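A, B, C and D label the chains in the order they appear, each numbered from 1.
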Amino acid sequence: MAKRPSRPIHRVPLTSREALLFEAGIKLGGIFHQYLGIPVSPRTAGALARSIESAVGLQPFVERVRVRIAPRRGGPLGRGRFGYCYVTAEMIDARVTLADKGTRVVARLSYRADLRYPLMRVESAKNARATKRRSAI
Amino acid sequence: MAKRPSRPIHRVPLTSREALLFEAGIKLGGIFHQYLGIPVSPRTAGALARSIESAVGLQPFVERVRVRIAPRRGGPLGRGRFGYCYVTAEMIDARVTLADKGTRVVARLSYRADLRYPLMRVESAKNARATKRRSAI
Amino acid sequence: MAKRPSRPIHRVPLTSREALLFEAGIKLGGIFHQYLGIPVSPRTAGALARSIESAVGLQPFVERVRVRIAPRRGGPLGRGRFGYCYVTAEMIDARVTLADKGTRVVARLSYRADLRYPLMRVESAKNARATKRRSAI
Amino acid sequence: MAKRPSRPIHRVPLTSREALLFEAGIKLGGIFHQYLGIPVSPRTAGALARSIESAVGLQPFVERVRVRIAPRRGGPLGRGRFGYCYVTAEMIDARVTLADKGTRVVARLSYRADLRYPLMRVESAKNARATKRRSAI
């Protein structure tokens, strides 16, 4: 069994909640910057979303991921051989749940039309224990 | 039915074979630059490859795509929560077949360890007709 | 001096013109799929375009590259800390010139609003010699 | 003048320190997933690093960014026209400093050869004030 090495990841003591907030940011920042530009259509959007979920699900601390890609938010499709589109910021809605030792953080990336911005925000952060400690690798 | 508009794509006359060679390059260049960095493991590699195939399959002139992702070519995996890896150039093997009006081009991206290089090359190019014409959008 | 090895890249004989058309596609496909999502503003757009030119200029056969990033094509900017944007397909205009043994190909990626599509097309292809040969690595 | 709207970003109260840790993760996750695959050589690595710094510097809360790209960590270069390489995880070392209302967080992405992993970690987190509040957009 892969036993955890004892060296801490971070160079300062962080609560589980703080460490998970950092990790949640990593996941959302990564999703945004990895998948823009992939060809997508209404027919392939579901499988693409599943493949993003599988990829993010491999990363440390991830308990759950739910991704939706809405190709129609990219505006009207072209015609004929241009009748598909590329993933844009407007299309992506991703929610990640990270957990560690009883603490659980939920964060979300979704496009805010009012801000014209792909906003990443924390939806919940439940801290099981308040004690500070160094998290180990 | 989406009828093709008659405006030519290219500003110079190209044979079908030449136009498909250009398009084949687009597909392979895109695959290489889009997918590096995606988290992957032996368990998720197959579904990731299928999702790349679906995406590339949406693009103009693509008749067939076959992608393989070999996570173990990334070197030994880390342990514990680092026991997964990211897609690297070494892992990707992609073959695309493009067709238009009886002409068919097959091109491939695969890592050449001897060159330390993700080589993109043409595997076959069968030109049904030799007549030059402007391809239409 | 790095002498060229004599093994051919491609598995079929291609004219210089055909080989360069394939390579031109690789460059444009790569640009499109690599740079979407990078934060950019009117102030940083020029330096970002220069850095893309430098990167593409390293690739085989590239004689010249000219890239423009037009951040304002991404629509009105957000306000305050959201007053910047990310590179989108609409913003990119890239022209590459590739040359080999007297043959020269110019190709361009630019957004076509009428097609709602980032069109890649060949602008010129001048074939110095018509003889077919295998291009060597 | 762009006045800040008063709506909170997050749906739960976060300390400045917690909010900055989340933001720091976003920046590092984004760097990792955006830049892999860009052609680079010892000659262009500095300018590429500067362009990444400029891009990240546009993002909210970023006070400072320092990026280094070490092309030689990608292994020996190919020869001739393959004498350049692509950005890989091993090459990137990025440190971001985020600040908000007296709180300052420093985080870093650097490759850990012992873990075979591009590790993202918090280097310091100085909390000026301990009071919890909702951060506003």
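Rule of thumb we're sticking to: a contact is a pair of C-beta atoms (placed from the backbone, for glycine too) under 8 Å apart; a residue touches a chain by one contact, two chains touch by 3 or more.
Bear in mind the structure is a predicted one, so any value in this text is a computation, not a measurement.
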With subunit B gone and nothing shifted, sort the other chains into their touching clusters.
-> one piece
Separation of subunit A from subunit D, taking each centre as the mean of its C-alpha atoms, in whole Å = 16
Intercentroid distance (Cα basis), subunit C paired with subunit A, Å | 30
Numbers and ranges of subunit C residues touching at least 2 other chains = 30, 32-34, 37, 82, 115, 137
Overall pattern in which the protein chains touch one another (line/ring/star/complete/other) = complete
Contacting residues of subunit D [partner subunit A, same complex] | 9-12, 14, 17-19, 21-34, 107, 115, 119-125, 137
Counting only contacts in the complex, subunit C reaches subunit D at residues 2-5, 30, 34, 37-41, 44, 47-48, 50-51, 54-56, 58-61, 79-84, 137
Would you mind writing out the residues of subunit A in touch with subunit C in their complex?
-> 32-33, 36-37, 75-78, 82, 85-86, 88-89, 115-118
